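So, here's a batch of structures to check.
Below are two complexes that have chain A in common, paired first with chain B and then with chain C.
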Partner chain A sequence: MFLGNLASLPHFLPEIAVTVTILLLVALHVATRNRESSAASILSLVGVGAAILLSGASPAGTGRALFEGMVAQDGFAVFFKVLTSLCALVVIFMSMDSAELAGRSRAEYHIFLLSTLLGMFLLASSTDIVMLYLSLEMVSIPSYLLAGYLKGKERSTEAAIKYVVYGATASGVMIYGFSILFGLTGSTQIAEIGRAAASGKASLALLLAAVMVAVGFGYKIAAVPFHMWCPDVYEGAPAPATAFFSVAPKAAGFAVLIRFFFTVFAVPDSTPGLWRLASAFDWPLMFSILSAVTMTVGNFVAIKQNNVKRLLAYSSIAHAGYMMMGFVMLSSAGIQAVLFYLVVYLFMNLGAFYVVVLVSNATRGEEISDFSGLGSRAPLAAVCFAVFLFSLTGIPPFSGFIGKVYLFAEVIHRGVYWLAVVAAVNSVVSLFFYARVVRAMFLEEPKDAAGLPVPALTGAMLVVLAVPTVLLGVYWEPVARIASDSVRMIAF
Partner chain B sequence: MDFINSHVLSLMTFLPLLGAAVILCVPKGKDDLVRWIAAVASFLPVPLAGHLWFAYDRTLSGVNVATQFMFVEHYSWIPSINVDYFMGADGISMPMLLLTALLSFLAVIGSFGITKKVKGYMALFLLLETGMMGVFAALDFFLFYVFWELMLLPMYFLIGIWGGPRKEYAAIKFFLYTLVGSVLMLLVMLALYFNTTDPVTGGHTFNMLHYMSQSTHSAWLKNFDIRILLFLGLFIGFAIKVPTFPFHTWLPDAHVEAPTAISVILAGVLLKMGTYGMLRISFPMFPDVTRWFAIPMAVIGVINIVYGALCAMAQSDLKKMVAYSSVSHMGFVMLGMAALTPAGMSGAVMQMFSHGLITAMLFFLVGVVYDRAHHRQIDGFGGLGAVVPVYTFFISFAFFASLGLPGMSGFVAEAMVFIGSFQTFRTIVMVAALGIVFGAAYHLWALQRVFLGPLNPKYATMEEINAREIFCLAPLAVLVMAVGVYPMPVLNLMNASLLHLIDVVKAVI
Partner chain C sequence: MTGVLATVDFSNPYFAVLVLLAVALAMSVGFVLLSQALGPKRYDRIKFGVYECGVDPFTPAAVRVSVKFYLVAILFLLFDLETTFLYPWAVLFRSLGLFGFIEMAVFVLILLVGLLYAWKKGALEWQ
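Right, the complex of A and B next:
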């Protein structure tokens, strides 16, 4: 279905819900004098909750093209809307207890957060390169503001500036690629571009343009060599924002990467909504090298990190590398693996950052040494952190292992054995630095034996995140089904 | 009875886990309650193991035929990728299941002396037991892998938190080594998954038994070079666990730094998982490659035997000596397996069982002396025989069992390995016989230095072994003796399956 503007609105309710919440937050910001009022947090929770319900409630069916083909509403888009909203939800909770954000305006913070979320909704569903570019910027600009939100703190400002410079460069390269695409094919619709590519009109120029576009996406998912901004931004930004950056924009980046390259370089499979690779270019090789380099750089550099936030930043680069394994062959099973991985990654990575926020609130530090003895100072938090870290390593019975199994399975199934071996070696290497944190928590004596208070909300949220991390490692059938149902994408 | 028969393996596997969950609910400070819960949770599998012993039909051949397994449980777990919950026991897993149940219980009793963070220790220990039982019961590769990995985490913490002075280094070294092996196994597992089909449904499968019939294999998997690669991937994964030369360097560190009961479990059960994995998975899945690789395996076995014994002789630390003696003894298992003869194969599994009992005694005994003297230097003692006669009796018993004195289980196993493998590899076995001589040498030499000669006055008042420690040692000593004098019951347990395994390995192409 190709819907006009007004007819599209009923299918645009999640975005409308977020937009309304943002407007209400602006009103609240103007109206209230109490900068730290929790009203903003509660309002945001309600808005994001509504967006999740509306995304889940509006059946995507076979998919619709909204606003004359600007954005799509299909299973794929719904999946990412729910995923990024869940991430936002956890981050809003995380921000409530954050000591870094104390004394700063809550409403403003949430406005930026929700604007990013709205951008990600659109990014995951855009089917037109103009829309795609706009939504990418819609994600980026509020992200810069979030990174620099700790006004007066040098680190935070540095983070914001780095983010802006890298972001601007990447999006400049990307839009240049878009202009070439438009010049070659005469259309801004990615489906049209795909048809032009399939009809053989395109050539080296198309390849060049696609690589330029990939730069923009690579920047969003922090793939090597476009990852340089990542550690500094993660370290400088307020911890809850870092947690958000490490999951949601990355997920949205994967969404747009997959949608764009699928529509342009894959042809519909015999089953409606599924795709397979049909291109003369050796995309698989390019992306498998990118994947291997990304995970290797991420893991090896992480070994040397002493700051846990920075360590997790490099780890998130490595995880982007793992996830790209699912993308290399442009197959449905691979995309399913990526979607599955994003779900488990959401829980384990947000959980890990949650503990970092907790510890940095209490000790004002994020070095590994600040975690020493956490096992006796705050047993619940330490055990949860260990669960998240081992899950990130990919050890059973945690869900990170299952996620990796799907990704490994995809590359082995397609015969890219060398990539599987590289990823396996990387898993072992990653154990080394994750275990350093675990070792500090459990094997070393605390510098300060006093108990570390865990606020009730934080404790509850840690359990809420740890339970699925374990549970999905033991029984993951439902999520595997959701992932395989969400692979369907539309293109007109 | 039906319920017990059809769920006994699950009960043995998950009762300890349940115990761990209960322990986590116990309020702080009630250490004795925690100890007793752990004792009960680890004791429950013992009568169940007794049930296995009496109920097991010794004519069943197991290995690659689902109907030839007993106590089978088969449910669908993750239907979308055909992962099953598939457990069963045959003659290869039976001795290991019995051994695990017994040693775990004794190790918990032996850990009653732990006073630091008792709750965490016992909970982790029970989780470890679940992993071990699961490995020996699983017949689905995915399930096997999950249990296999499940042991890593508790082991890491048990060594890392409760271990000796270099515990952190030992713990991470153990973890990294084993994980290297595991990821190799994971890759092989996935490659097998995509290249085999379930004969009934036509889908891909993780069912180990399906992997063993060549008709389910894809063309890619029929390529001999590919099979060699996959076999070696699995082999390295298992060899690290055994550990065979040159992957053994984690063992002395881990064993020496681990607390006593954990060394017992490491040497008594965990090492056997490597050789068990070869028998359960590598051999029947890759019979052709197994035959091709038999001589290298035998050579590795002999290197283990001789090199392990020489290393043991060079040690000044009693625990390190015992640790290296494990390397040496596991070499006999490798040698016997590689021979692919009935006597060799039975000797290998017998050695797995017997070494589990003997090495458990040795580590317990070393723990006893360390608790009293706070060091383990062989040269730091002298004449202890006069001060602690009962202890000296037990350690002499264990040493003689370990060096292969006739009438004890170690002799039966090693003799069978020699008889079985001599037909196949003459020269190699002659070299291996050196290991026996060296074995006698380091055991007797250590015995002499610690227990005979003039008394070191420092230890004139050393406390005698206590009742709890004897409780841990006596059942093992009785079993070592019983199996040594009359091994038939244990041999009967495994014979049918091992003969069938040899047929499987030798029959194909």
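Right, the complex of A and C next:
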């Protein structure tokens, strides 16, 4: 059922809420003299909170194609809207007492943040390649601005430039792929393209188009070999923005990757919950190899890092590799595992970055040596950080373990043993560098024995993020159910 | 060799295009190589000037362009595109009706907020 423009508006409320908030933020920035006023943060919190409520309030299970088939409103899109909004919410809190952002306009920062969020809403729900491209750019361009937000700081500018050059190349290659797809099938609707691709014979052009599109998506989720921008951008960007980049655009990238490849290059199998390839092009094999390479490169390069932000950047590359395992299984259980892992990853990764922000505010450093003795200087932050890092490793009883169990179970269930072995070896390797940070915190002497003050808000947020990280490791059933409910995508 | 030639379909209408392409390529590359090989070479100061004939250059050709031009160019692009959207709307104004009017009003309003922002930030001033 295609809805017209006017009929679509009632189902487009989360996006409208974010848009109105952005416009109000611009007005606020123009109207007020006090650039560091917390009004911008509060306004953004209200806007994003409204977007979450409006997304959650949409009737589940009923899929609609809005704006003549430009974007879809289905369980899958709603899941990602809530997920990315939650990430934005935490990042807004994180930015409140960031020392890096001191003296810079709060309103402008939040305009970029919410513009990225709006782009991600559209990216997760777009069902038309033109819309898909536009929303991908809408995620990318404000991200460049966020990365370079510390104007005058060399690293930040470097991050922005590298991000722009990589992003422009990747999206250029991707839109070339789209143009080939359009030429082959004569439609911009991904469902139409899927039907045409399935009925026509496999051609080299189709393979080429699929690979080119995969470049664009691979860049967004920072999969090897399109990951080179990631560590430099993460290191140079302001830490709260880095935390945002490491979770939200990656989640939106996975959303569009799953929706696009499952609609265009796969058809539902006669067995419910399974898909089969629509053409001779074996893209799951291509992505399984990319997945194995991504996690291996991420984990092995992370071993050598001394800067904690860079370490977490490589760790986030490795986690994209783990999540790709669920994507290539061509089953709804695999997608469910990816969605569940993204929820878990949201809490543990944002939590880890929260501690990095805290320490870099206090010590002006992000090296592992700056974390030494944190166990005695700020016990709460150190314990929370250890929880997040062990959860990222995938050690029980933390939620990262359950996330990995879902992924591994599906990989083994589908009989792709080599991938499971690679992932298991990688998890062991990752323990080394995560534990290195924990060792510095608890076993090494602090450079400065004085206590490290933890602001009340930061402490509270750390606990808020640590509780689900632990709780989802022992009682995960509700989130797993939400994830499995959200797998249903509409295809017209 | 004859085996290969036997597979070529000379009656294909595009065969002539292929021949044209080959001849054009051979001629253009050939003339460049020929002038390289046969042409006289006399190098002097005038030969290496920016213009061999005409007025002598009196400033270096590489001039620094003020970064302010980029800001103006980007703003121009934005509002130029706005007009691109406004024209087809104006042509179809009657058939689009009230809904089209409100939709365009929202669009212009959003751009207006952007203009206000650019104005307030001093992007329109040339200090």
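Keep in mind that, in the parts below, the second predicted complex is superposed on the first by the 477 of 492 C-alpha atoms of A that agree within 3 Å, B and C clash if a C-alpha of one lies under 4 Å from a C-alpha of the other, contacts with A are read in each partner's own complex, and residues count from 1 in each chain.
Going forward, a residue touches a chain if its C-beta (ideal position, glycine included) is under 8 Å from a C-beta of that chain, and two chains touch if they have at least 3 such contacts.
Everything numeric here is computed off the predicted structure, so don't read it as measured data.
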| item | value |
| --- | --- |
| Fit-or-clash call for chain B and chain C when the two complexes are aligned on chain A | fit |
| Computed vertex angle (chain A) for partners chain B and chain C, CA, steps of 10° | 150 |
| First (chain B), second (chain C), both or neither touched by A:Leu380 | neither |
| Touched partner set for A:Val26, first chain B, second chain C, both or neither | second |
| Partner chain(s) touched by A:Ala39 [first = chain B, second = chain C, both, neither] | neither |
| First, second, both or neither for A:Leu9, with chain B first and chain C second | neither |
| After superposition on chain A, the shortest CA separation from chain B to chain C (Å) | 47 |
| Overlap of the chain B and chain C footprints on chain A, listed as residue numbers | none |
| Chain B-facing residues of chain A, complex | 390, 395-397, 401, 405, 408-409, 412-413, 417, 420-421, 424-425, 427-428, 431-432, 435, 439, 442-443, 475-477, 480-481, 484 |
| Contact footprint of chain A on chain B as seen in their complex | 77-81, 145-146, 149-150, 152-153, 156-157, 160-161, 167-168, 171-172, 175-176, 179-180, 183-184, 186-187, 190-191, 193-194 |
| Contact set on chain A toward chain C in their complex | 5-6, 19, 23, 26-27, 29-30 |
| Of all residues in chain C, those that touch chain A in their complex | 99, 103, 110, 113-114, 116-117, 120 |
